[in-house]
Structure formats: C-alpha cells, structure tokens
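Structure first, then comments.
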Amino acid sequence: MLEIDDLRVSFPLERGMLYAVRGLDLTVRAGERLGVVGESGSGKSVSAAAIARMVPAPGRISSGHIRFDGSDVIGLPERDLRRLRGGQIGMIPQSPQTSMNPVITIEAHFQEALALHLGLSKAQSSDRTIELLRSVGIPDPGSRMRGYQHQLSGGMRQRVMIALAIACEPRLLIADEPTTALDVTIQAQILELFDRLVAESDLASILITHNLGIVAGHCDRVVVMYAGKVMETATVAELFARPSHPYTLGLLRCVPRLTAARTRTFATIPGSPPRVTEDAPGCPFAPRCDRVTAQCRTETPELLRIGARADGSGFASGEHSVACWHPVEFGEVA
Amino acid sequence: MTAITVDTKPITAATPGFWRTAWRRFRRNKLALVSGIVVVLILLTAILAPLIAPQGYQVQDLANSLAGPSRGHLLGTDRLGRDLLSRAIYGARTSMLVAIGAPLLGAVIGIPIGILAGWYGRAVDFVALRLFEIFTMVPQILVALLLIALFGNSVGKLILFLGISSWLGFARLARAQYISLRNRDFVLAAQAVGVPTWRILIIHLLPSAVGPLIIFLVQEIPATIFASAGFSFLGLGVQDPLADWGKMLNDGTQYLSIDLWTVMVPTVCIALATLAFSFCGDGMRDAIDPSSRQSASR
Amino acid sequence: MGGLVDQSVPDVSAEAAVPTRATTPMLEVKDLVVHYETRGPGALFGRSQTVHAVDGIDFALQTNETLALVGESGCGKSTTGRAALMLERPTSGQVRFEGQDLATLPRRQLTAMRRHLQMVFQDPIGSLNARHTVGYAIAEPLLVHNLRPRGQRADRVTELLELVGLPADAADRYPYEFSGGQCQRIGIARALAAEPQFIVLDEPVSALDVSIQAQILQLLTDLQTRLGLSYLFIAHDLAVVGQMSDRVAVMYLGQIVEIAARDSLYTGPMHPYTQALFSAVPEPSVGADRQTVVVSGEVPSPVDPPAGCRFHTRCPMAQEVCAVEPPTLRDVGSDHQVACHFAEDAVQANPFGLHLEG
Amino acid sequence: MVAYLAKRFLTLICVMLVMTMVVFALMHAVPGGPFDQTQQPLPKPAMENIMRKYGLDQPIWRQYLNWLWAVLHGDFGTPFSQPTMTVTGLIAQAWPATLIIGAWTIGISYIGGVVLGCIAALKHNTWVDRILTSTVSTAGIALPNYVVGFVLITVFGVRLGWLPVGGWGQPQDVILPVVAFSLYPLALMARYTRATTLEVTYADYVRMGRARGLSERRLTFRYVLRTALIPLITIMGPNIPNILTGSIFIEATFAVPGLGSYFTTASLHRDYPLILALVLIVAALWGTCYILSDVAYTVLDPRVRLEGLSR
C-alpha cells in the first residue's frame, strides 16, 4: 500500500546541511502495523512527516519516491495531496496539548474535516462526531464537543486527536510518539485504544516511538533507524528473538527490564547518536560499534535480506533485512 | 572498580562563543552593518566636532543670513548667518550627549527596580507594578515635558528628565527577563549548590539578561533623539546659542518658505541618526536572538 | 578535607553497599506538607487556588542507600525532592539531615549545609548556565563554600571531570558544545564538587536516549559505590527504578501509597495503584501475556484531591469505605508498608492481571 | 465579572488619586509660581489678591482637597492663562481638532498595520517581508513624526503646493498631520501583527490542520489569523488614548490648535488647573481603555475565557 524508495530529506542549517533521512526504503502493506524505532536524530519523525509531504520548513525532500496506493505522493498536485491528507492518511501528533486550534470548538474541527473529505452536512457531522468521540472513550461527547481543547486533560486531548485522525476513514494511520507526553497509565489507555481502533477498521498503521516496549506490544513489524538510515527490519517476534544488527542488539540490552533482578551493571553503548551534517560513506554506527572493521568506516552496508546459509543456521523466516557488514549471527549471543 | 564508560562523541572543535556568533550574524546583515558604520561616524563627528567643523557654532555672518549653499557655507546659513554645516556638526555633540546619556540614566534607575521586582515577586512586584501603572498612565513624553516646563531647561536637565521618564521601559524589560529566568533549571541548580542570591542575580542571571537590555538601550536612543530634539523644536530644550538638531529645526521653521535648507539640514540629521540607531539595534537583536526574525523555523 | 578520589576515602565495595540499618537515618522526612497558591484557569478572572503538591509524607534514607520516589506527573515526587533540599519551603513538617531539622535552620547555616546535600536535574542542558564555562560551573561550589585554596581549584575540576568520564579540556568549553549525556555528566561533577553525602536525582535520565541512559545509570551506580553516597532517586520509569534502588516509595497525588524494599515491591506490589503502574509498563519482549487490564480514568486535580483514599476514583477494588476513610500506611511484611484498606484482597484479586516472574 | 470590573476600576481610581497628588505636589514643590513669569512683577497687594483668588495662599493639602472636591463636582477650575474661560470649556474647544486627527489616525494605522503585518508574516522570508519588516516598519518606528511632518510639508506644501503647510479649519488641513501621525502606530501594529501571526504559523495545530487536508486558505484565516489577531487587542486598546490625546509635536509642526498644544502652553505657564485636568483626562482614558481591552480580550479568546464569566 505504501512504498518508500530511497527517500532523502535534508535541512539547511545556518552553516552546512543536516541530513535527517538518508535513503530510506520502507513498505507498509494493507492492515499491517509497522513500528519505527530510533533514538533522537534518527530521522524517524521526519520520515513519517515526509509520507504526507509534511516535512517542516526549511527541510525538504531532496530525492526518492513515495507511493501510496500506486500514486506518486511526491508529484501529486496540491488538490490531490489534500485529499490524501486526512482522507487517506490520518496523523496522530506527539503533543496533544498544542495540536488543536485553541479558538474553535472541538466540534468545528470535526465538522471541517468531515465536510471536506466525506461531504457531510452540519447535522450529519454532529452525529458522526458524537459517535466518534464515544468510540474513543470521551464521556458525555454531546456537550464535550461544544467545548474547547483547553477544557480537556492531556489524555482526553489525545483521544480527541485519535478520533479526528480516523474521522474520515483513512487507510493508514501515522502516530508520531503518540504517548511520549503522557503518563504511563494514560499511555497504556491510549495504546489500548489505538490497538482496538486499528483492529476494528482494518487500518494500516505506522507507530513511531523510541520505546522498544511499545513496539513489542503494538506492532507486527519493526524498522530500526539510526542516523537517517534503516539499520534493520524484521517482524517483531523475529527482531526481539534474533536481533542481527549490533545496534539493535545493543539497544535491546540497554533497556532496563521491569522483571530483571537488580545487578548494578548496565549494558551500554558508548558514545551518543550523531547529528549527521555530512553524508559520508560508511556505516553510521561504526564509531560506537564493538564489531567495527576498516570496511565499516569506508563502505556503506546495504540493507540486505538475510538469506539462507549453507548450514541453514540463524535464519529468518520471513523478511529480515539488516544493513551491516558483520551482523550478529543467531546463537552467537545468549 | 567498574570502568566508567567515556562518552566518545567527539567534542566539537572550539565553536565560537555566544558574542562571537552574534557578531558573525550581525556582520552578514548588510543593512545593520551599514547602520552600525553610520552610528560610529555620527559618534566620531560628535566627539571630534571642533576639529571637523569649518566654523564655530556661534560665529555669525549677519550679511549672509538665510543664504542657501555656497562655497563659503556648504549647507547655507541660518537666520543669524551661522554656518549650518558647523551647527549640524556641533549639534551632533549635544544631541548624542542627550540621546545616550538619558537612556543610560534610565537604565541605571530602571534595571535594579526591574531585577528586584522580577526576582522577589510578591509584595515587591506588586508595588513595582503599581508604580509601572502610574507611569504608564501619563505618556513618557508628557512627564518629561512637565518636568522640563516646571524645572527649566539645560542639557543636563534634559538628560535628567528624559532619563527619569525612560526608566519604565528598562524596569519592565529587566523584570520580564528575571521572571522568565527565575524558574529556569540552572537557577535552581545554582541554589542547590548553595550559591548566594546576590551571586545568582549578578553572576548567573545578568549575563543572560544583558543582551536584550543592551539592545533596548540602543533602541531607546532614537526615541530619545525624537523626544529631546522634539523639545528643542518646541523651544523647551537646548537654548541659544548652543547648537542642537531640534533647536535648529525650531530656528528654521519660521523661514520654511524662504530657505528650505534651514529645515532640511536638521531634519536629515535627525532622520539619519534615528534610522541608523534603529537599524543597528534591530540588527543586534536579530544577531543575539535569531529566532526573533526567523521565528520558529524549526 | 580529603579528595573524592583520595585513597584516604574508604572505598566501599559493592557488598558493603547493601544498606545497613543505622540507628539514626541520614535523612528523615516527617509529615512533609507542601502546598502552594496558584491562579486558577482564566488569566484574569481566576481565583487563587491551593495546590496540594505534597500532603503529609514520611520516609527515611540510610547512608549509602538509594530510595526511589516513583509516580506519575503531578504526584509530588519532584516537589518532595526539592523540599528535602529546602529549595522549596515546606508548608509544614520536618526534614532532618543527620538529626538536624533543615526547615528551622537559619539561612546562613542552611547555605553552609547545602554542600552536603546536592541535586542532579532532569534537563541536563537547561540546568547548566549557558554563559558559564564547564570549568566555572564545576568550580563554583568550591568557590561559594570556600573549599579549596584558589590555586588548587583547577586541579580539582580536572579531577572531577575525570571522575565522571570527561576529558580535562572540557573545562574551557561551554555547555552547548556537549551532548545531553555529556551535560548530565557535567551536572553530576558539579553536584559532587562540594563532596556531598546525599544527592537528590530528579529524573536524571528521562531526557536522555536509551543508549545514553544506561551510561549515566552506570556512572551513578559506580559513584555511589565508590563514594558511599545516598541517593533520593526520583523517576517515573519503573524499570529504571528497579535497577537503581534499594527501597521504593510509590506516590499518588501527594501521598505515599506504598513503600517497600525493592525486591519485596517488585515481586509483590500490594497497592492497586502500584499494580496498575506495573501493568502499564510496556516490556520490550514479545510473547509475554501482559497488560490484560488497563487502569481507567485520569489523575484527579491536586487542587481538589478526592476524599478518603485518593485512588478510589480509579480503583477497581474500591468500596464505600475507601471514599470516606483515608487509609494510612501499615506494615504488611518486613520493610513493606502499604496504604490500602484492601491490600490483601488486591493481591488475591490481581485486578490488572499482573505477573512479574522474570 | 462585575466584581472584577469593580475591582479594576477601584484600583484605577486609587492609582489616579496617587498620581494627581504627585503631580500636585511636584508643581508646588517648584520654586516660583504661575504669576512670576510676567515681564513686570506685579505689585505686592495685587499679587496677594491673585493668590487669594486662586486659593494659592492656603496650605498645599488644603489646596489639593479643594481642587479634588471641585473636580468631584465636575468643576476643573479656571485656567490661569485664560481667566475668562473654564478649564472644561477650554478643553471642549481644543479637543475636537485632536480627536479628528486621532480618529483618522487610529483607523488608518490599525487597519493598515494589521494588513501589512499579515502580509509580511504570510510572505515570511520573502523580499516582501524583508522590505516591510526591516525597512518600512523600522523606519516608521524610528523616524520622529515631526521629521516626517517637515518632509511632507516640504514636498506637498512648499514644493508642490498641493496641501496647506499648516493651520486648522479646512478639510484638507487634516491630511498631512494624519499621515505624519499614523506612521508610528502603523509600523508598531504591523510589527506586532507580524510577530503574533508568525508565532502561530508554525504552531502544531496548524500543522495538524494541514495533516487533515485543510486548504492553505482555510488554515490562514481560520487557524492562523483568528488566533493571532485576538491578542492584538491588548496592544491596540492602550494605544488609543495616546493617539486620541494627540501629539504635542504634530500639533506644533502643523499649527493645529489641539489638546497637545494646550498641554505645552499650560506646562510652560504653570497653569495648574489645566495641567491637572489634562493629566487626569489622559490617565482616565488610558486606564479605561486598558481595562476594556483586557475584558475584550478575555471575552473574545476562549483560551483565557473562564466558564465563570457567564455565570
């Protein structure tokens, strides 16, 4: 349904250039729940914005293809692009606090979107709004919708944003760190709601997060990004069971587990994620990697599917691709 | 002892400091740079007036009064036959003295009040706010006018009264700055370390607040030129025979239809000075805080 | 005054770091209350309201021990941390440091006392003054407490930088030249400069990326072992807390609802709210059948906290008595206290389908 | 709401009281009196007579109370400089000229400023924005209005002869003063409008609106401008009295017999009753506009509107 091919996004800086996304390949099939994980500066949010051509200024898509249902998003005229946004692709923001127009009512948000994409009349959209708000768990939707965003709590606002995202029956839902601004119990509520809605309406979804725990529970397939590139992609089960990229492995080890005993030692990855200001060849993770060789520093590893080996060991069932010269073999680490 | 992992991110090669970055931005802004040069030239003229001016500011040539530009008087003469160019050059002296002196005085009065109000809040702030209110109610110009009318005029008094009436802006700005800085984490961190309050106010907060205050000072200069020249123009400011641009305007208005130069020379001087200081101030603001112009282009 | 890395300071080994119950705790907080006034909604017409940020909490902290305060935003954990250092004046209650009540201490003595009590902040960059060099930031505590002769301060700064894993030439640079993780190291070095015994860690890693988080947590653990520090660790991430603390206090709306030794809490949380918190943590592993039930509702406003048990509005176990009678902390095991009328039932019923076997 | 307004006005009255006291005290603290300036000193008995007539022989607090008492009865006294008139009458005579210029100025500068500010913000980072912002608006704010006035007089009055160089009475007398006077508030409004609009242009909710497929036109009017323009009330309101009470410089430049020129002469002649009345007018107007703009802002903007307001 969605196909991204060699996407590159860059931001001009006061001096030089910031390469936010450097050759991203990605596909989402109908009904699939894709997770995109990465640390700050990995390009995950920018990639998501680029899908609906919403890269914030002064950034721009410098090359690549984005196909949504076969049509080229990059070449789409403004009118069709607007039909795509909201109508085909729904977006859920990171900060619900600032994502609603503060001077128009909640109902008005729905009304304008429903009129635009579904051509509903005022009365029809009122009914539909109540129905939508109820489905996302807003108590007393009839009177709530006549209020303004500042009268809602953070969790409630995010529920409204979700209702707004699915209002016009899109086929793809993109959620950019939808729970980062929320408390853990509210996060659980929102994720549960997200899961339910995606399942009910058979939506495809892209969930962008830095939290591996969220990916584990709420996605089918994962893309791990680092410094604007995809490091590894696999089904969730596969990735957690057999991480193949040293970065993925390191990341999984870094995350403290609730159920683990206290050991007083923490697995770490030395260094910190880079800010990419030159698009040099070589693996971006090389400076922090413990398996680094001279090749890693000079040649960029391609994202390749892990194929069957002669001895048949360590291989993925479905699709599992990794961009690494020296991937971690299955069984190599406990 | 477990090895402490060293964060291996290469520490970026010495990036220029805050002021140096600001200077680089300022330099790239052509309008601001040119204005800055004009400002420097005006200030040099004011300082070096006796060396530059072809004549004294009170040398009269009654035979040649209200004469347009000539070889002897490049910009013509006024009603008493005084050389307009010389008077304009000496006028820069008086005008700049007031234009810079008065805001400085305002800053000296206003900034401490603003700092205390912003930092201590509560009762101190309440009193300060009421004080602000009283002073906002009557426009600054009227306050200064009243004071000058009541207490008489001289260059010194002009500075004093314009300075007194301009403290409000500095106090407001300093208060706003300190309020926004007061709750910043680094202040709490300094308190946690045990840094005494005076040290926090001066060593921690002043460097962060000083940029906007300096810019405000520069931007107050054209406003002061406006007021001081204005008062002289009304006949309330600088008195004969001293030269001042506003005074020259006052002298010239009556002869507007006879000799335009008597009005145009001071008009151009005032315009040039106010514009130069203004563009320069704007350039400084943009240099210190690029977001003020490029607003949120994240 | 011996240096931190001086060999004269006894190197407390990891074994000895297990807290030993001293007779007087290093820090004791008794019935701490912090209320503050705020303007209600509406910039002009709002009335002033009282926010019950912290509403009567007690805890004690032993030497070389880590006590964690966990809870969601608005539960009062950060306010508690600040009040413990007198950075926020308590409305009432006591904060005793080595037996001395800080709340009644005269200003001068309090300032002098500050060197023993330090803090590390959530925002590593924001907590450093952008206009001061790193060297100055670290030297300032030495300066204000007059700790070293002028000539030795530079050496001491180098020593501290080394201690937190930064090169000595960092001293001449400005904070913005460093990454978030590096800035947090600088913040830690600064806190250590005055040779404190007790440090409040206010969400020290929540602003950091996962890979950096682990580095900082390791650094903090090592420093504690090496210098015999006591930590009050404030966090919302239960997994991190589990790795860092000896004892854990769970806060909800300004009160402690459960406080216990780390292992006791992590194997058997008894308060329904604690259980809800545990069940809400997304675990980075696949297959585990967790999170079957999600706690409903949201945290009520601290301006007008519910009567009785503050959690009763969201609690699946709530009975009539819960809305009337505020439960007090009671012993339910060795070093395990819970403030719930039906804690035992909650363990039985397991309303959130929690199971915590590693 | 009523209670709020009552409180605000009460504070205003208190502040005004304090202010008049200060002005009163200040005027009397100055050595010399209003009748010292005449060329030939008056004979002593005559002077005493005058002093008694105006109550200047009484202690200062007494004078103040007398004055206050009269003001509360609507009597602002007799101007020293024109004993044949009342202060109220004089003001009634002088204000219309100032009001006419002020009204035109407000109309032109507020509408023009908002429009220019919006254009600059919407064309952010283009040459249009650069010219409007860094050149036109800075010049408008920096250039003294009398300087602009003289340039206008020179060009349109002296050189082209299209418009009168000054005076009052004919309709075309209004044009040049209004143009000269408008420039500053126009530039100020443009600058504020641009700033508030720009702030909103990059707001999350505009981005989210775009993500729902709303047209740029709709986003501009319903999302950006609607939110951005409301706070402008708090700038516009308190500036109204400044404009309506006129500019002493503009009135001097164009020889307009307005309130401003009376203030100048009143100050020069230490015409206490007139000064006090003028100060009081300015302050009362300012205070009222300030309160009203706060209320208008609160009513118009749902973000600061409290549910309790309607109750």
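Chains: A, B, C and D, in written order; residue numbering restarts at 1 for each.
The working rule: a contact is a pair of C-beta atoms (placed from the backbone, for glycine too) under 8 Å apart; a residue touches a chain by one contact, two chains touch by 3 or more.
Here's who's who by UniProt: B = Peptide ABC transporter permease; C = ABC transporter ATP-binding protein; D = Alkaline phosphatase.
What you see is a predicted model, and the numbers here were worked out from it, not measured in a lab.
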Steps in the shortest chain-to-chain touch route ending at chain C and beginning at chain B: 1
Pair exhibiting more inter-chain C-beta contacts, B-D or A-D: B-D
Distance between chain centroids, defined by C-alpha means - chain B, chain D (Alkaline phosphatase) (Å): 23
Length of the line joining the C-alpha centres of chain A and chain B, rounded to whole Å: 51
Gap in Å, rounded to a whole number, between the CA centres of chain D (Alkaline phosphatase) and chain A: 54
Separation of chain A from chain C, taking each centre as the mean of its C-alpha atoms, in whole Å: 32
Multi-partner residues of chain C (each touching 2 or more other chains): 41, 179, 181-182, 212, 215, 218, 221, 225
Contacts with 2+ other chains: residues of chain A: 56-57, 150, 265, 268, 270, 272, 288
Of all residues in chain D (Alkaline phosphatase), the ones touching two or more other chains: 202
In the complex, chain D (Alkaline phosphatase) residues that touch chain B: 15-16, 18-19, 22-23, 26-27, 30, 124-125, 133-135, 138-139, 141-144, 146-147, 150-151, 153-154, 158, 165, 195, 198-199, 201-202, 238, 242, 245, 248-249, 252-253, 263-264, 267-268, 270, 275, 279, 282-283, 286-287
Sites on chain B touched by chain D (Alkaline phosphatase) in the complex: 31, 130, 133-134, 136-139, 141-142, 145-151, 222, 225-226, 229-230, 233-234, 236, 249, 253, 256-257, 260, 263-264, 267, 270-271, 274-275, 277-279, 282, 293-298
Partner chain D (Alkaline phosphatase), residues of chain A touching it in the complex: 52, 54, 56-57, 82-87, 89, 91, 93, 95, 98-104, 112-113, 116-117, 148, 150, 161, 164, 168
Residues on chain C engaged by chain A in the complex (per definition of touch): 14, 41, 72-73, 179-182, 209-215, 217-218, 221, 225, 236-240, 242-243, 262-263, 266, 276-287, 290-291, 294-296, 298-299, 356-358
Chain A-touching residues of chain D (Alkaline phosphatase), taken from the complex the two chains share: 202-205, 207-215, 218, 222-223, 226-227, 230, 301-303
